[in-house]
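Okay, so here's the structure we're looking at.
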Amino acid sequence: MLLATPVAYQPADYLPILIQFGLALAFVAFSMVVSHLVGPKRNSKVKDASFECGIESVGNARTPISVKYFLTAILFVLFDVEVIFMYPWAVNFRELGMFGFVEMLMFMGLLLAGFYYIIKKGILKWQN
Amino acid sequence: MEQTIPEVIRTVPLQHYVFFAAALFSIGVLGVLTRRNAIIIFMCVELMLNAVNVLLAAFSAYRADPNGQVFVFFIMAVAAAEVAVGLGIIVMIYRNIQNTDVNLLDRLKW
Amino acid sequence: MLTALLLIWPVAAALLLHFVRGSAARALAFGASLVELVLALYAAFQFQTDYSLPHFELDYAWLASAGIHFHIGMDGLSLLLVLLTAFLVPLILLASFRHDYENPSVFYALVLFMQSGLIGVFVALDAFVFYFFWEVALIPIYFLAGVWGGERRVQVTLKFFIYTVVGSLLMLAGFVYLYYMTGASGAARSSDLAAFYNLQLSAQEQSWLFLLIFAAFAIKMPLFPLHSWQPDTYEQAPAPATMLLSGIMLKMGIYGTLRWLLPVVPLGVSRWVAPVMVLAVVGIIYGALIAIRQRDMKRLIAFSSLSHVGLMIAGMFSLTAVGLQGTVIQMLAHGVNVVGMFFIADIIERRTGTRQIPELGGLTRATPLLSVTFLVILLGTVALPLTNGFVGEFLLLMGVYQFNPWLGAVAGLTIVFGAVYLLRMFQRVMLGPDSSFSAVIRDLTGAELAVLVPLVVMVFWIGLFPGTFMHISEPAVNKLLVLINR
Amino acid sequence: MDLSALTSLVISWQSLVILAVFGITLLIATYSTYAERVVAAFLQDRVGPDRAGPYGLLQPLADAVKLFTKEEFFPAGSNRALFVFGPCLAMTTALMASAVIPFGNTLLLNNGDVVRLQAIEVNIGMLYVFGVVSLGVYGLMIGGWASNNKFSLLGAIRAAAQAVSYELAMGMALIALLMVTGTLSLQKIALQQYDGLWNIVYQPLGFIIFIVCAFAETNRTPFDLPECETELVGGYHTEYSSMKMGLYLFAEYINVFVASAVMSTLYFGGFSFPGEHLLYNSLTSSQGELFAHNVVTILGTVVLFAKIFFFIFFFMWVRWTLPRFRYDQLMRLGWTMLFPLAILNIILTGAFILFFGSKAPKLDVSKEAAPTEIRTVARR
Amino acid sequence: MLSIILLSVSGLANLFLGFLRSNRLILPLVLLVLAAVLAINIFDVDNSSAALAEWARTGYLRNMLFFDQYARVFTGVIVLTALLLLPFSQHYVQDDNPNLAEFYSLMLFSLVGAIMMVSYTNILILFLGIETLSIAMYVLAGSDKSNLRSNEAALKYFLMGSFATGILLFGVALLYGATGTFDLMQMGAAIRALPTADATLAPMMYVGILLMLIGIGFKISAAPFHFWTPDVYEGAPTIFTGFMSTVVKTAGVAGFFKLLVVAFGGDTIPFWLPTLTTMLVLTLLIGNVGAVAQTSVKRMLAYSSISHAGYLLLALVALRSGMLSANAIFFYSLAYSLATVAAFGVLQLVQNQRQREDYEGLNGLARTNPLLALAMTISMLSLAGIPLTAGFFGKFQLFNAAAQEGYIGLIVFAVVMSAIGIYYYLRPIIAMYMRPAVEGAEAPVPVTGLQSVVLVVLMGLTVLLGVLPGLLDGVLNVQ
């Protein structure tokens, strides 16, 4: 059976991504332009006001939000970067064998210690 | 396959990587020195780090030496920690003065 | 070992003082200083052989990797100054008994601490040990003057401190250079005095080194025009501190020059001797002229001291045997005299509440003892024959005259001027028209007599039998001269 | 990398595949909207869209026309550039993700050319999908922030927090899979399953984590907190109208499609199906190698689409069956359940491979294929 | 290695200690851990010749940390400093302080970073050490959340620190490109060979070296990259300022020295030495002149810390004197750390009571708290380099090393600068002994028994080293 996978990858292999990107961009631009040209335009002050279920809008819309979201984002950044370390490890898992496994167990142990700590610290307590 | 990735990268002359990284780095440095918004300064610092990453990865490929890439991983991890701490600090300041302009921070004279 | 004991005992006593409160502190301090005097006398009697060689040596590897040793010992010259220190400190302590200083235990601990530093300077045989104690002696006097001093004490002591430390840093730089030169020929580096004496340096190097090292000594003595800290500090410091400063600390500079400068960089000395001589003589005249115009007793004594020190410097830099001998004897004499003068000024101030000469007068009627002792010490300072001052100044003037007759003639004015302002002060304060104090003032108390009598005895002893001391210092001075003229 | 490579690529068969994949993606997204309504109607036992065309089949077209002709609306105080940029970004990233999905094996042409039924084959296909899909959340964020509306902002923030929370567990689930496969190339992963068992056998727990995360990543019920109308009106797209709104909706369906395709490829054998070797061998003997190969490939593609459609249906099924989470429940599920489970899965997988598995990777594709690459093989 | 493991594990464990109801346990435990690390450190060495040979052989990728005598000695200094500094944080120990455990854990983690910085044999570990240390310090600098000055300090420290990291890393990347290794020894060998072996790569190497110098210059706050230091030191909570100016500086200089000697040594020295010398001169000048103008003790200490970085640079400039330089850095950083810890400790205690950190805040301290005043005095004298204190022999050894290499001009300059230093170091002494307490601040500053003991130990060590510097002679013999 003929397999489709190349053995050696070339930079040219990545070129089609550009084509795909061009296509996507073209489609998006097309729909934007067309809808802009086709649709009617009738503005009024009341209509332009931001929607708050019919009640008059109060204050700035871009208000500070709960810090929990921020904490979530920060945690993601940290843990996601830890996950980055696992990708090469996972791909080469079999070659690394037992040594690699034990090392990663230690790594994950530390990760989990930190994880347990932040949970205990109340990161997911949205009530307060 | 592992051996082939460096070959791929090597199809581009090394100087290009160096110039690219240097340009990226310079943009970052200029940003840090000229911008006044803490977040933008911070982003410029990240830009500098990424320039370093590109450079290290390129050198690593050209020297067929994995150490450079390992270093990149560590830089990324450290940068993430820095992001966490840095954004935390910026948020803390924003909560106190409702702004992130470093020029407003003059409680301590330079 | 004895030398080390001389160093350690005051420190140990100072630490002990920490556990004592109130008047017990001064008693303990006084007792400790007497013990120190006994130790010093014992050391003096243990000297049996050549006074030109260091005795009671101690050599301990301090910073072995750098070739620096804690090397101390006493030759005749050191011994005389150690004796002077050990002799004056108990008297100074006794003199302070009338004062009620705040935190007496700290006060007396600092005095004892300083004594240790001073003795350390006089017995050091290694450049870094010398520098070490040079600075150690400075710290207590800074606190003594700064904490217990007069109204302007803060600025004055700061000025004094900065002056001295800058000088000593320059000296350190010089020492470091010398230290490096000892290793230049491939030998192990050493900062030992002997190693310094053996150095072969170019005239140019020696010239620079002279300036660096002499800076510290000149500030300490002080040599005109580096004296500007001195009158203020003498005036603002509490009486015991002033006595320590003028009586002993001043000698550090002269001793340092004798021991660490002249023999080490003789070529540098010969390069700079003329300007130094001129400055010294200018200092003599300047000090005397200013002293004449002073109304404050303490300041007058301070400027007179400046004038006398100028003569010592001039005599020393004549680089003759008589000049150097004169310097040594005059160090002792000046120590005794200036302490006595300041003590008497202090007594008068305490009794009357003022040091201003015009406000005083006619004190002698009620205070015969005071008058007599004052006069004796004053005449010693004026250098009347048969007093201690005469021996020293005579020798010094001889030295200066040998160096340059003209300078000698000008330097001789010091005696004339000294007679003018000192006798005028005595005349105004003790004799003169009666003031409001003349009737009420009390004569000397027992304790004060206990201070002044030994001083008076010393005035005559040195004046009548200078041989006792010259005998001790002569071999050492001759040895120095050999080194200077090598 | 010179210009000639690009030009030759543009006029090659491969570019046709790219175009086809692009078109199919759009088509499926379009008809997903129709399918959604039909499925909803079916599950709720009512009549779905049936007016536009037979069985309402032209309904998507009608929707498109409507969206195009609606008024383009910019709320006051919005950042216009970003307001437009948000949906564009969401759509662009969604459209790009499908490029690396292997929709089939190769087609052999008579002139000896080989056509790979995959727009782009790169060795880091999985990372590419992840990267591009993760960018999609920026579209939501930017749009929600630019709207200058509190509901939109909250929706956008929720979208971001949710996306990042579940991406973590998803990545971890994927790592366990990578330990089994040893490669990041989607095509290699698919081909590995040609011979052996589907990865779902090795990674049941991983798959469950993955599919839950996929729901969250695509903002589908029960994880559609960013746009839940009961709390946030329309969430991040409250202020959107016209085709900008359309792009957001489209992007969501494309993401569903991509997620389904990725799941099918990673866990359910991709374009492989039971008995393909049998079919290939029998056809080879009767019709020749070329024909057999092409038939198996096309059948494989069909099977893959069947799998994809099943998952799309599953998405809709869940949507109309399960209620929505509360936001704190959602976050807690992601962090305290899926994340530890994913780590556990990694450890179990590792231990299993070490103690029961062989040292070598499951299927070393690079060794099996001729070292001289496919083009040479086809030119015999 | 053991010390790193113990510190990391106890740092982690300490985080969980924070969940207990009472916080009382944390500080004693942390002190215990530090004492244990100090004890372990004595045995934690692999400087046998066999270990060295093993390193030379495997070097690559393995043995990125190497605990030779050098690492061990500086680890000792670092841990000792922390151990003596922490008792002054006692006022933080309150049950309603929710972040107490984090403070101490971050301190422990930053110590790990500091130890990595003195024991690395691979640039990667140097980088990780710097960052472990710095990131913890960014947080600690801003730990006084509601205080805007603390916020500002944290932001400045963070922005400048990460900027410096970027520069440092670019230098590392270029050096890697030029030499192809991160291993310190291999890099050193490659750098020595490169100018002749491959002229095209040489410029890259030179730029890399310069950028690394600049990056580390930022980290140890050497002028002209010092400008963040006064602000950060002033704004950060005093106890952490003390930490920054001792532990961070010691680790930075020791790590820097190792880098210069092992990696940048040899023929390239003439290339970068002028840069370093310029940095040294500027640092001394700015540190000392800047300190004179200050009215806040804390800010004065910040400038003084800059100036001490300058003195330490003197030993780096004189690196060709080898052991002499290393010994000087060791002795000086120890002396400096002891004195600075005492100064910041006293300042912290005074600040707790009197709520001010300027010179007037110290007024009359000799009367109310003789012990504090004495400790501060000895510390100031030591910083000024007056004999009888450790600082004198520290300076002496530095000058000695510099003189060995013939930098007489630099020494004279440094001497002049330390003369300036005496002026501002005397000001706290004047305030404490010669001025009466400010109205309303006559009450004695509360000092706990532990703090008194620590102060006495600090004074004792400073004086002991000032009287018997030979005690530490040859501690650093093996490198």
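Chains: A, B, C, D and E, in written order; residue numbering restarts at 1 for each.
By definition in this document, contacts are C-beta pairs under 8 Å (C-beta built on N, C-alpha and C of every residue); 3 or more make two chains touch, one makes a residue touch a chain.
Source: prediction; values computed, not measured.
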Remaining touching clusters (ignoring chain E, no chains moved): A, B, D | C
Middle chain, criterion being Cα centroid separation: E
Chain pair, most C-beta pairs within the contact cut-off: A-D
Distance-maximising chain from chain C - centres being C-alpha averages: D
Chain D and chain E, separation of their C-alpha mean positions in angstrom: 53
Centroid spacing, where centroids are CA-atom means, of chain C and chain E in whole angstrom: 43
Distance from the mean Cα position of chain D to that of chain A, given in whole angstrom: 15
Cα-centroid distance, chain A relative to chain E, in whole angstrom: 40
Sequence positions of chain E contacting 2 or more other chains: none
Numbers and ranges of chain A residues touching at least 2 other chains: 7-9, 11, 73, 80
Shared interface positions of chain C, touching two or more other chains: none
Contact footprint of chain E on chain B as seen in their complex: 18, 21, 25, 28-29, 32, 38, 41-42, 45, 48-49, 51-52, 55-56, 59-60, 62-63, 65, 67-68, 70-71, 74-75, 78, 81-82, 85-86, 88-90, 92-93, 96-97, 102, 105, 107-110
In the complex with chain A, residue positions of chain D that touch it: 1, 5-6, 9-10, 14-15, 18-19, 22, 26, 67-78, 84, 88, 91-92, 95-96, 99, 102, 105-106, 108, 114, 116-123, 127-128, 145, 147-154, 157-158, 160-161, 164-165, 167-168, 171-172, 175-176, 178-179, 182-185, 187-188, 191, 194, 233, 238-239, 242-244, 246-247, 277, 280, 293, 296, 327-328, 331-332, 335-336, 339-340, 343, 346-347, 350-351, 353-354, 357, 359-361, 365-366, 368-369, 371-374, 377-378
Contact footprint of chain D on chain A as seen in their complex: 1-9, 11-21, 23-25, 27-29, 31-32, 34-36, 38-42, 45, 47-53, 61-63, 65, 69, 72-73, 76, 79-80, 83, 86-87, 90-94, 97-98, 101, 104-105, 108, 111-112, 115, 119, 123-124, 126-127
List of chain E residues in touch with chain C within their complex: 324, 327, 366, 370, 381, 386-388, 392-393, 396-397, 399-400, 403-404, 408, 411-412, 415-416, 418-419, 422-423, 426, 430, 433-435, 468-470, 473-474
Interface residues, chain C side, partner chain E - complex: 61-66, 106, 128, 131-136, 138-139, 143, 146-147, 153-154, 157-158, 161-162, 165-166, 169-170, 172-173, 176-177, 179-180
